[in-house]
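In what follows, chain A forms one complex with chain B and a second complex with chain C.
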Partner chain A sequence: MSSISTHAYDLGTMDRLSRQDTSVHRLDGRAKLLTTLVFIVTVVSFGRYEVSAMIPFFIYPLVLCSLGNIPLVYLVRKIIVVAPFAILVGIFNPIIDRQILTTLGSAQISGGWISFISILIRFTLTVWAALTLVAITGFNAVCAALEKLGVPRVFVVQLMFLYRYLFVLIDESLRLVRARSLRSFNGKGSGIRTFGSMVGHLLLRTLDRAQRIHQAMSCRGFSGEIRVLRPASFGLGDVAYVLGWSVLFVGLRLFNLPHLIGNGLTRLFA
Partner chain B sequence: MSHHIIEAKDLRYIYPDGTSALQGISFRITHGESVAVIGANGAGKSTLLQHLNGCLFPQSGTLRIGDSPLTKDTLTLIRRTVGMVFQDPDDQLFMPTVFDDVAFGPLNLGLPPQEVESRVNRALEIVGATHLRERPPYKLSGGEKRAVSIATVLSMSPDILVMDEPTSNLDPRSRRLLIEMLKTFKHTKIFATHDLDLVLDLCERSIVLKQGLVVADGPTVEIMNDQALLEDSRLEKPFRLQSCPICGGAKANAGS
Partner chain C sequence: MHMADALISPAVGGVMWAATAGLIGYSAKKVKEEMNERKVPLMGVTAAFIFAAQMINFTIPATGSSGHLGGGLIMAILLGPYAAFLAMASVLTVQALFFADGGLLALGCNIFNLGFWPCFVVYPLLFKTIAGAQPSRGRIIAGSLATAIVGLQLGAFSVVLETLASGISALPFGTFVLLMQPIHLAIGVIEGFATAAVVLFVWKARPEIIEASATAKPFEAVSIRNVLVGLGIATLITGAIVSWFASGQPDGLEWSMFKTSGHEELEAPEGVHQTLAGLQEKTAFLPDYGFKAPPKAEGEKELAESWPAISGGTSVSGLIGSVLTLLLAALIAVVLRRRGAAATGNIKHPF
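The block that comes next holds the complex of A and B.
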């Protein structure tokens, strides 16, 4: 029960962070969304054994978080929450792929371990970037940006409603859980059967609510299209933001920066 | 100004499960009146309210709002004329921010952006919620949510306001502020409520429903003093008309 409420509180924190007024918060949502997409695509496009070339990419979320005044600890904690998924995806690589690719001192490192690490870095970079996007833009502004970029309205509206009623749903389920725990003793009453009926109840209530919301919408002239009044300005700053980052990402993708620096240093001292 | 009139003639409605919610209801509410629809749970209040702006259509009988009968063709006009405030603000406030929500109706009416903007500002000002403009609705307190719900309707400039349990879940202070605010509205107003003290404050006329029928329709003061009628309709005298349990006063005298 407490974990659900903690998550709800967490969503609230994300919302609060997104309402700050910093240079990155003021950018158009589309610019931030596009840049994040370019970032994710470039990071994902690296070869499976690539590790060093991805390290410079950490600059992107780091810069955004510091400019946007987003507490790092908070985001890192969120990344750790979803980390098990990435670990599960990559954990079998070291077992399957035992070909020795490199040595570190006397230790031999197999391709499996390298691709596992590569997956973890990729995962950290992409999740961090996505979380940062939401934290400096706000969920609803991301939705609005999606819509303006041509994503079908049905999906965008679904997302918006999901977010809006998530809080109501969490409240409602918390009340149900509390009501059950107050009348369950010695483990009686908290089994799977009650759980099933609770979920069923929640579904029925949700359907009822959906109907009432639809009525409320119809009463105010809803005809299948959500209209929002929001002046959107994609200014020069936004263009520069998207282009600047994209050029950097593509450059870092084409040239392995740590490798180049390493080579340069070796040559310098050779 | 005939377009603020609501006239029901022999309204009947049976739900698909066979519950006969309205069994022939007739009344006429004229311009500027403030009317309470009261009655026990399940007396048909909510069903009646849902007819008033076409969430439900009468199965027999007619309902006229202003100059036009309620039909599928007049639905837009009628929904524009009748502003409906739902009981649960969480049902009414579905947009990401308060501003978007208050702008929802006017935008659907196809008004130009500047007009929408000024209407939203005016509506928020009336309910005293200008400072909540950019807030997400789920972060508001109960009283704030209620105020914003009302603003979402006011922004469409309705002639008639219909409210379902406007004071439910409000703390006494918020309730009082709401009542004072509603007093200043010049619209034709219809309230469905169990808060009979609110009725005493706001409505000069009351319609009492019982099992889908109108059992009384008249001045609020007379109805609230008709002990037999109130008991028969599972209602109670408003607290202010009851005798005070502390300072005494014979209960028997309170009604006379």
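The block that comes next holds the complex of A and C.
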């Protein structure tokens, strides 16, 4: 129960964060979407044993969260919640791949551990970037950006509808679950029979709701297109944003910055 | 079974994105032809229903665990394959963006695994044949079970293939298959029963909803074949291009013992970036601003050649450098946050 409510609350928090007015919130959605994609592709294009070269990429989500006034603790908690899958698949690497690749002092480190750490880092980076995108852009602006980039309108409208009615239907199903748990004792009544009629009722109500929505929208002149108020214009700032970050990503992909710094320092003190 | 970005390579992600984008475009076209723009709100609200329904659990007798409704099958029954595929894609997109459940690059894989199989293959071939135009209690249960099980098996197997082709996880094929398939057999049985329970209820209360979707529209059988053929051709072409580019790059392969044959081609950087550059050109966003990839591809070759050579000496300096870089990044972030808060007077969050 509590996990369900936090899920619903979560959606609300993301939506609230995306309604702020900061320098990154004001950028065009397309710019942020494209930059995020460039970022993710660059990060996952690293070889499976790469660790240090990926570290500088943390600058991107960190800077965006700072500029966009996004609470770090909140995002980190969200990342941890979804981490088990990556950990589960990744943990087999140290078990299977035992070839020693490097030594740190006297400790020998196998390829499996290095690739496991690599998986965790790329997981954190990619998930963080995706969550940051929504937190500084907002779902509707992401949808508008998708449409401008050529995604079929039917699909974009579908996304917007889904998002709009998500809140309503989640509330409704929360009420259903609460009502059932108040009436079921000793686990009675929480079996599949009750489940079938509960979800079935929710479905019938949903279908009726869809019909009412459609009638209401037809009355107001809906023609299969959703109009958004916020004017989207791709300005010079947006171009600079995309280009600046992309150049940085490519540069960091080509040159292993931590290695350069580390080498320089060890040479300095050696 | 949502795949994460961390476990796939750009080549696999890109190919699956292309396949999924094609399917979305095709489905959107079909839905538009069919419309009936009455279906637009219906699709949206049904997708939201899937989210809401997944929050309702039921207890599974004798196990102490609980199950809930899956997505693809019930939407295919309610909306037909094309609209259901779009709705499923939208559900997975929202999950990726808001709950980080499945990554953005992996979104193509996830939509394909969880949307393509149930909507375009299993639903028309199995559910329609079994439950058919004359549904009965037994037929609906059998149809839902068979469809859910086969759909999830195919999906889980796709996850295995995509993960292997990416080469980030060291899991060998056999182990991974033995892990994934039985788990998803159990999930499939649960999902089948859950779907059957809901469909049976709706069938009793409002039979016209189930029957309307069960009576096939004649064009569907034909066009699904078109989808499959088109998809096969696209996959062959992409695969051929990727392996052609990759074949000239035989470096850094032999030192990893657990790579299965074929995946080295996909991992080779040049092939990857040629494919991605091609994709970027195709999407034709800002064609004049060349953030494509030519300088990158060259440099990566050097990198790819150099990265197997990690030795003890360099790893210490790498560690020092990494820590310093991370501190530097954090410092920049803190400064920006202070300045931002001071300038705009925004809400302050505890760090």
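In this text, the second predicted complex is superposed on the first by the 263 of 270 C-alpha atoms of A that agree within 3 Å, B and C clash if a C-alpha of one lies under 4 Å from a C-alpha of the other, contacts with A are read in each partner's own complex, and residues count from 1 in each chain.
The definition used in the following text is that a contact is a pair of C-beta atoms (placed from the backbone, for glycine too) under 8 Å apart; a residue touches a chain by one contact, two chains touch by 3 or more.
The shown structure was predicted, so the numbers you read here are calculated from the model rather than taken from an experiment.
Enquirer: Name the contact category of A:168: first (chain B only), second (chain C only), both, or neither.
Expert: both
Enquirer: Could you look at A:217 and tell me whether it touches chain B, chain C, both or neither (first, second, both, neither)?
Expert: Both: A:217 reaches chain B and chain C.
Enquirer: Please work out whether A:176 is in contact with chain B alone, chain C alone, both, or neither, and reply first, second, both or neither.
Expert: A:176 sits against chain C, while chain B stays out of touch.
Enquirer: Thinking of the overlay built on chain A, is A:203 touched by chain B (first), by chain C (second), by both, or by neither?
Expert: second
Enquirer: Output check: A:152 vs chain B and chain C. Expected answer is one of first, second, both, neither. What do you get?
Expert: A:152 contacts chain C only, not chain B.
Enquirer: Can A:258 be said to touch chain B (first), chain C (second), both, or neither?
Expert: In the superposition, A:258 touches chain C alone.
Enquirer: Given the superposition on chain A, which partner contacts more residues in chain A: chain B or chain C?
Expert: Touching more residues of chain A than the other partner does is C.
Enquirer: Could you tell me which stretches of chain A are touched by chain B in one complex and by chain C in the other?
Expert: Shared contact residues on chain A: 160-161, 163-165, 168, 209, 213, 217, 222-223.
Enquirer: Which bits of chain A are touching chain B when the two form their complex?
Expert: Touch residues, chain A against chain B: 12, 15, 19, 140, 143, 160-161, 163-165, 167-168, 209, 212-213, 215-223, 226-230.
Enquirer: So in the complex, the part of chain B that touches chain A is made up of which residues?
Expert: Its residues touching chain A are 50, 53, 55, 76, 79-80, 83-84, 86, 88, 90-92, 94-97, 99-100, 103-105, 107-109, 113, 116-117, 134, 136-139, 152-153, 156.
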